[in-house]
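What follows is one structure encoded as structure tokens, with my remarks underneath.
Going in written order, the chains are labelled A, B and C, and every chain counts its residues from 1.
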Amino acid sequence: MDAVLIAEAAVNGILLGGVLALLALGLNLIFGVVDIVWIAYVDLVMVGMYAVYWLVTAYGWPLPLAAVAAVALVAVLGLLVHLLIISPILASPPVNQLLATGGLLFFLQAFATFLWTTDHRSLRLALPVVEVFGMYLSFARLLAFTFAILGMLGLYFFLTRTYIGTAIRAVSQDREAIALMGADMRRVYLVTSAIGGGMAGLAGVLLIIQYSVHPHFGATFGPITFIIVVMGGLGNMFGAVVASLVMSEVISIGGILASTEMAYVVAFVIFIVSIFVRPEGILGRRE
Amino acid sequence: MLEVDRVTAGYGEFTALWDVTLRVSAGEAVAVVGPNGAGKTTLMRIVSGLVPIRAGDLRLDGDSLKGRRAHEIVSRGIAHVPEGRRIFPRLTVEENLKMGAFLPAARRHYAETARRVWDLFPVLAERRRQRAGTLSGGEQQMLAVGRALMSRPRLILLDEPSLGLAPVMVLRLFDLIRRVREEGYTILIVEQNVRQVLSLVDRAYLLEVGRIQVEGRAADLADQDFVRKAYVGI
Amino acid sequence: MKRALPLVGLHVLVALPWLPLGPARLYILHVVILILIWSVVGTAWSLMGRFGLVSLGHGAFLGVGAYTTVLLWNFWGVPPWIGTPLAVAAACFLALVLGYPCFRFRVVGHYFALVTLALGEVIRLLIIAERDWTGGSLGVTLKDAGAGAVNLVALQFADRRVFYFIALGVWLAGLLVWRWVDRSMTRSALEAIGEDETAAASVGIPVTRFKLKITLLSATLTAVGGVLYGQYVTYLDPGTLAGIGVSLRIVFAVVLGGMYTLLGPTVGTALTIALAEYLRVAFGVRFLGMAETIYGLALILIIIFLPAGLYGGLRELWRARPRPLAAATPPVRPA
């Protein structure tokens, strides 16, 4: 196979990895802090994508404004998910928690189908393709990657420079001690869920400029996001980014060598094996 | 300042404290001693709101704290240094102190309070950028105390501060607690090192199987019998 | 008295195809067959679920069961009599390859759920990727054996009643397996494994072997459920048979009915299928997605307001009533 094609796939892998990392960080935050797996997390991304799509096409909003609105909308949605669904079942068995967010998954997918049918909808932005060393790279992907990096940096500064951000990191280390510091757990959980939602919203914005959206979009990126979070190690932001890049390279390069489905199969098998070898994540710490 | 008034508390079906009454006046240092499993830690945990009270009342300056959650109690001026230190191992020393100053009122004075903590524990200042989990046991205990001071409390609860420390470190730690006391903080301390703690406090309570058995001035209690009781609980 | 109720129930079930059910007789029979097939799968899931092994990958076993028999028949004319053991063997192989390391390395809780979820995805994606064989996401139809209404070799029957009795038989067999596992362990051992592995190991329970055993049993039953589904519905597609959606539906039914009782999974399955069918019929093709929307909402509300499932919820109501002193034995917590 042509080396340039592989190089192109590798670069595309990195570009996809940026957006995946954004998702993985958002989910990692919620999983690590609230200790609940939001099975429906990536379906929030789908909501963000639709929000941008409709604001731009039906209401004629400029894209940047629609993007900001979508991020805000999904952040509020994340807050509501916590308030309405998660907080009543915080003490329930894990299987119930999985099911409640699973119900949200059915709900979001079906309601989107009801409202907007199963049509694939695309913004048709017609962004240029950039040629670098014989590789053809989509400008939309470069743009998405840049904003993904900015989003991650924003999260990093929030988590390290602010009181509430530092408290969010501390929660996963000692849930009880953080209450003794005067932090209200309910508030910490709410802020975490809103930030997680906002990350999903941003990912939605970055995906709608590259892909078309449909009600089952979450099924494409959902499972891979979960396994990236586990592989990277809970509460390990750097690990989440590395795992995202590894997985997106597997998917991207595997996609042109074999098929997209087989590439995903390889990614999942890598995950299953890695769990056995290093249950705490490839870059996780042993407790 | 603090009144524990005929409190009964426990976990699930199990009752750890029966009808316990205890008081701490402003500026005082009070110790609770007793054998393992006597309910000392539970006593600390009801004061800081981590364990709910079943019967009785808990008052700070006359206001009931009953039913308040832990984070609300901190804002009333009670800081709890929990058993086993419970610092945040993957945050830096400085970030741990920042968490201690989480309350808005404490945040405003962060720089000033931090300076006092650095003065009190110079070793923490040297390691401020280090992850707290990499500190030695004694340093972690200092950090736990320093972190509690960051909330600018009036009353500090110290639960077994000497637990798991080398004897030399225990002596240093008690020196440091004495200095904290001299700064004017009110202290309620639970300790296994009965002799040392009695030299530090004004009064002490002996807790056995969930009930207060003896109460008195530290100087009067520092006799053999009391110490023996505290250790073996006979 | 206690033995009378199950006997009466069994007689009703056996007589069902001949009961005067009115003009909707065939439809009712169809729904009951679906309930029986999915109850087998639910019962299989609860074998593991009650020990804290929350699997989100049972779609994989189901899909392997259904696709193996259907593809063997379609391409080589291998009858399901031979296909079923092969399908079960394939599912067991899968369960072994995944289960052994999982239990050996103590992968539990959320992590177990996510590993099994990955397995489900692998099978779903393989089905889609091998589209020359499986028809990909468009699905595959079981080749008609032709030659009359009853074809014993191909296990294809025009008469629903035959399927009904096969499904009934498999369902009863599933219940027997469940009961056998239940009886073969003392209650305290059950609790020990579910809650604390180290404790269980310390009282002499070979945890890894036991978990593997129930996982293999569960995979077997699920694969048989998949075979039944394939033979009865005769159309397979990866969306319905593998992947996270179907796995979540199975789990929901079991939790709704309660996984700690023999009939819990069946009751839960009956309710969820009845709900899904009702919504499907009520909305028809008019409001696409509305049925699923309500299903999702119902799921969320049930989990929030009936966290112990229907059975557990009813029992709590029962317990809340004042009881005579003589009956005040200490409450037995489910394992």
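In the analysis below, a contact is a pair of C-beta atoms (placed from the backbone, for glycine too) under 8 Å apart; a residue touches a chain by one contact, two chains touch by 3 or more.
Remember, predicted model here, so these are calculated numbers, not experimental data.
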Central chain (by mean CA position): A
From chain B, the most remote chain by mean C-alpha position: C
Distance between chain centroids, defined by C-alpha means - chain A, chain C (Å): 31
Where chain B and chain C are represented by their mean Cα positions, the distance between them in whole Å: 54
Averaged-CA centre spacing for the pair chain B and chain A, given as whole angstrom: 42
Chain A-facing residues of chain C, complex: 49, 54, 56, 98, 101-102, 105-107, 109-111, 113-115, 117-119, 121-122, 125-126, 128-129, 243-245, 248, 251-252, 255, 287-293, 295-300, 303-304, 307
Contact set on chain A toward chain B in their complex: 163, 166-167, 169-170, 173-174, 176-185, 235
Complex interface listing, chain B residues touching chain A: 48, 50, 69-71, 74-75, 79-80, 82, 86-91, 95, 98-103, 106-107, 147, 151
Touching residues (chain side chain A, partner chain C) in the complex: 31, 37, 39, 85, 88-89, 92-96, 98-100, 102-115, 117-118, 215, 219, 222-223, 226-227, 230, 259, 261-262, 264-265, 268-269, 271-272, 275-276, 279
